[in-house]
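Each structure below appears as C-alpha cells.
First subunit A sits with subunit B, and in the next complex the same chain sits with subunit C.
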Partner chain A sequence: MLSLSPRQLATQVLNFALVLSTAFMLWKGLSIASNSPSPIVVVLSGSMEPAFARGDLLFLWNRGLDTQIGEVVVYNVKGKDIPIVHRVVRRFGGGSTPLRLLTKGDNNAADDTELYARGQDFLNRKEDVIGSVVGFVPFVGYVTILLSEYPWLKQAMLGLMGVMVVLQRE
Partner chain B sequence: MSATTKIAVQSLADLKNTTDDALPNYLTSIKFQRSHRLIDVRLALGYTAVILAGGLFYFDWKHGWEASKPYTGPAVAVYFALNAAFSYWMWMVEKGSIFEGERTTGKVGILSTSKKYDPTYYLTVTFTDPSGKTDTRDISAPFSRWFTSDGYFVAKPFQQWLASNVPGIGAADPQNIVEEIGRGSAAEETGGVSVEDMLRVAGVTGVAGATGAKTKAGGSGRKRKG
Partner chain C sequence: MHSALVRVQNVFGFFTTVAFVVATIVALSVVVTPQAPSASVKLRNVQVVRGRPHYYSTKREEYAHIKFDLDADLTSLFNWNTKQVFLYLTATYPSLDPREPPSQAIIWDAVLPSLSAPLHHNQYIHPAKNGKASKGKKAPYPPGEIHLAAQRPKYQITDFSGKLQNRTDAVLELGWNVQPWVGALTWVNYQDFGVWKGLNGGKSKVFQFPEIRKRKEADLKTEKGGEGNRGKPA
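Let's turn to the complex of A and B:
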C-alpha cells in the first residue's frame, strides 16, 4: 500500500502506537495493583537454583510489608540497577521500627552482605525490596535474556513489528 | 490511484481495501462532499490515549517510580477509558463506514463488509434526501465484477453497479445507470464450459457438422448437471 491518504497513514501509525502504549499501560496498571515498580522480573542468575533457574519469569506482590523468613524477595541495591532475587533468612525489627531483612541465594555459600551497598548490612524492607515472589512461569523469560544480551535482536524485532503493522491492513 | 495498482486477487483484504478506496474517489467525482467526521473522532480518541501513555512514559523515565506513582493510577484508568471509547466508536458507531458525504440531492453513508472465503462485496447504503427521508439498502456484488482476473481494478463496472443499485447515487450520475440484462450470469455460463468440451466441439465439428452438433448438445447437458 504505497498510496495512502494522510488519514489512512495516521490510522496505520495509530494502530502501531496503540499496541505499544497498551502494553506499557497494562504494565503500569499491574505496577499499581501490585504496588511494585517492576511487577514482573526475569531471573538472570542461577543463585536460586533449584527453586528458580535462569530465564524464569517471576510475578511480584508488594502489598503487606511484613515479610517472613523463607519468602523469596526481589530487591535493588542502591547504586546498582540489577534486581536480585533471593530468599529471606533473617529478619530484624518490624512493628514500630523499620523491618530489616538479611537475604541469601539458595545456591550461594554465603549470605548477601557482600552484595549489599558499602556499609549496608541489611535490606530495608520498605526502601530496598520491590516485592515478594508470588508466582512464576519457568523459562519464558529467556527471550528477554536473549534480547538484553544481543541488543540488535531488540531493534530487529521492533522494526519487524513496525513494518508488519504498517503493511498489514485487514 | 488504486486503479493503477495491481493486487493479488487471492487476497480478500486487498480486494476489499482497493474497492473501499475507489468508492470515495467515485462519489467525490460526482460532487459528493466527503465528511471525515467518523474517522477524525476515532483518530482524536486514539491519539489522545497514545499521547497520555507517552507522557506517563516520559515522566516515569525522567523522575522515577516514586514520583510518578500518584499519577500512574489515574493515567492508567483514563487510558483504558479512552481505549474503550475508541473501540466502541470503531465497532458500534463506524461499523466499517467507508464513506460519509453530502450533496445538494441528499446525504449518503456507506458501510462495507466482506465475509471470509466469500469473494463478495457487501454494502449498506443509507441515503437521506433533503426532506429527511432515509432509504437504506443492502447491496452486494462479486468482486470479479470490477476486478480483472490479473488483479486490476476497473472503475466503470463498479460505478455502474453503484449508480444502478442506489437511486441516490444514480440520480447524481444518471449516465452510469445500466439495466440488468443478466450479463453477469451469461458470462458465468461461458466460464463453466471446460476447455476439453470446447476442444471436442471444435474437433468434431471440423470432421462432420451433424455429429458435432450432437456432441455440443451433450456437452452442455453434462455441464448443467454438474
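Let's turn to the complex of A and C:
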C-alpha cells in the first residue's frame, strides 16, 4: 500500500500540485475578469436576511462603476479587512465628483453610518467597494464558515483527505 | 472496484452534476418568462425639517419626510424562481452641481416574499383593505399587488450637501430587486427586454421640496420596518 516507487510518488505529488495550481489560476482569472480582488464571497452575517442567509455564495462584478441605488455591494471598511454585503440606499455624485454611496443591510433597522470609519459618512465607490452582487447560489458556502469557526475541522478534513489518497492507491 | 466507497463517490458525483444542471436550467428559464409590471406613484405630502445625522453630531442637516400613495401590480415578477422581491421607492432630484447626475435616496422599502419562501420577520405584511388590522394570516392581496394610501416613509432623507429645502424637480421612482432561488439578480427595467415588458408608470409627477416650517412632532413619524437588528448594525 505504501510501497510507492519514487516515480509514482513524484507523479502523485505533481498531479496534486497541478490540481492546486489550476484552481488558483481559475480563481485569479475570475478575479481579473470581474476586476474584483475577491470575485466570490460567502455571506457571513444575517444582516441581509431574508435575501441572503449565512453560508450563501455571492458572485461579484466590479466593472460597473456607476453603481445604481438598490444594488447590493460588498465593501471593506477603511482600515479593516472585513467585507460587508449591504444594499445601496443613497447615491450622490458620480460625474466629476466621486460617486458616494450610503448602504444599509436589509435586516438592519439603521443604515451603515455607524460601521464606516470615523469621520466617514459615505462610501467612495472607487476606493471602498470591491464589487456588486450579480448572482448567487444558496447555502453552498456554509462549509467555509464552519471551517473558520471550528479550526479543528480543517485538521480533520485534511486528515480525511490524506487517508482517502492513501487508501485509493490499491 | 465495486466497493461501497466507490459507489458512494459515484452517487455523490451524479448528484452534484444533476443539481448543477437543474440549477442552470431554472436560472435560465427566467429569461423566457414574460413579465408585465405596472405601478402608479403619487406624492401625498412632503415636509422638510432640520435634524442631526446622529446624536453626537454637531452639524445640522435638512431632512425630508415624504408621504406617498402607491398602487402596483407586480404579480408577474413572481415566477417559480423568485424567492422575494425587494421593493423600494426613491426620491430622485438634481444635484446642486448641474454637471453631476441626479442624487437618489430610498424613502421606503419592503421585502415581498413569494408564496414558496419560508416565513421571516423581515418580510412585508401588507395592511388589510379598509385600514383594519389584518385578520389572521390571510394576505389581502396576492404577492406583488400593493395598494397603499398616505403611506409614511421608512426613512427621512437628507442630501450630501445637507440642504434640501426649496429644491426643485424632484420625482418619486419605484424600483425593485428580484432575488431568485438560484441565478442572477435582476433590477427594475423601464425598457422592454424580449418578453420582459418595462415598468408601466412607476414615476410620480415632479414636485418641489418646500421650505422648513414648524410642524407637529406626530406628523413626522416614520414607518417601522420588520428588520430584526435594531441595535448596532451587524
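The working rule: the second predicted complex is superposed on the first by the 159 of 170 C-alpha atoms of A that agree within 3 Å, B and C clash if a C-alpha of one lies under 4 Å from a C-alpha of the other, contacts with A are read in each partner's own complex, and residues count from 1 in each chain.
By our rule, contacts are C-beta pairs under 8 Å (C-beta built on N, C-alpha and C of every residue); 3 or more make two chains touch, one makes a residue touch a chain.
Model, not experiment: these values are computed from the prediction.
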- Message: Going by the contact rule stated at the top, is it subunit B or subunit C that touches a larger number of residues on subunit A?
- Response: C
- Once the shared chain is lined up, is A:Gln68 touching subunit B (first), subunit C (second), both, or neither of them? second
- Message: With both complexes overlaid on chain A, does A:Gly95 touch subunit B (first), subunit C (second), both or neither?
- Response: second
- Does the superposition put A:Pro50 against subunit B (first), subunit C (second), both, or neither? second
- Task: Give one of first, second, both or neither to describe whether A:Leu18 is in contact with subunit B, with subunit C, with both, or with none.
- Result: first
- Message: Show me the subunit A residues, by the header's touch rule, that subunit B contacts in one structure and subunit C contacts in the other.
- Response: none
- Residues on subunit B engaged by subunit A in the complex (per definition of touch): 1-2, 5, 13, 17, 36, 39-40, 42-43, 46-47, 49-50, 53-54, 56-57, 60, 65, 69, 72-73, 75-76, 79-80, 83, 86
- Which subunit A residues qualify as touching subunit B in the complex? 1-3, 7, 10-11, 14, 17-18, 21-22, 24-25, 28-29, 31-32, 37, 169-170
- Query: Inside the complex, what are the residues of subunit A that reach subunit C?
  - Reply: 45-47, 49-51, 68-72, 87, 89-97, 100, 102, 104-115, 121-122, 133-138, 167
- Touching subunit A in the complex: which residues of subunit C? 5, 23, 27, 53-54, 83-84, 86, 88, 90, 95, 97, 99-101, 103-106, 109, 111, 113, 117-118, 120, 122-123, 155, 157, 159-160, 175-177, 179-185, 187-188, 224-225, 227-230, 232-234
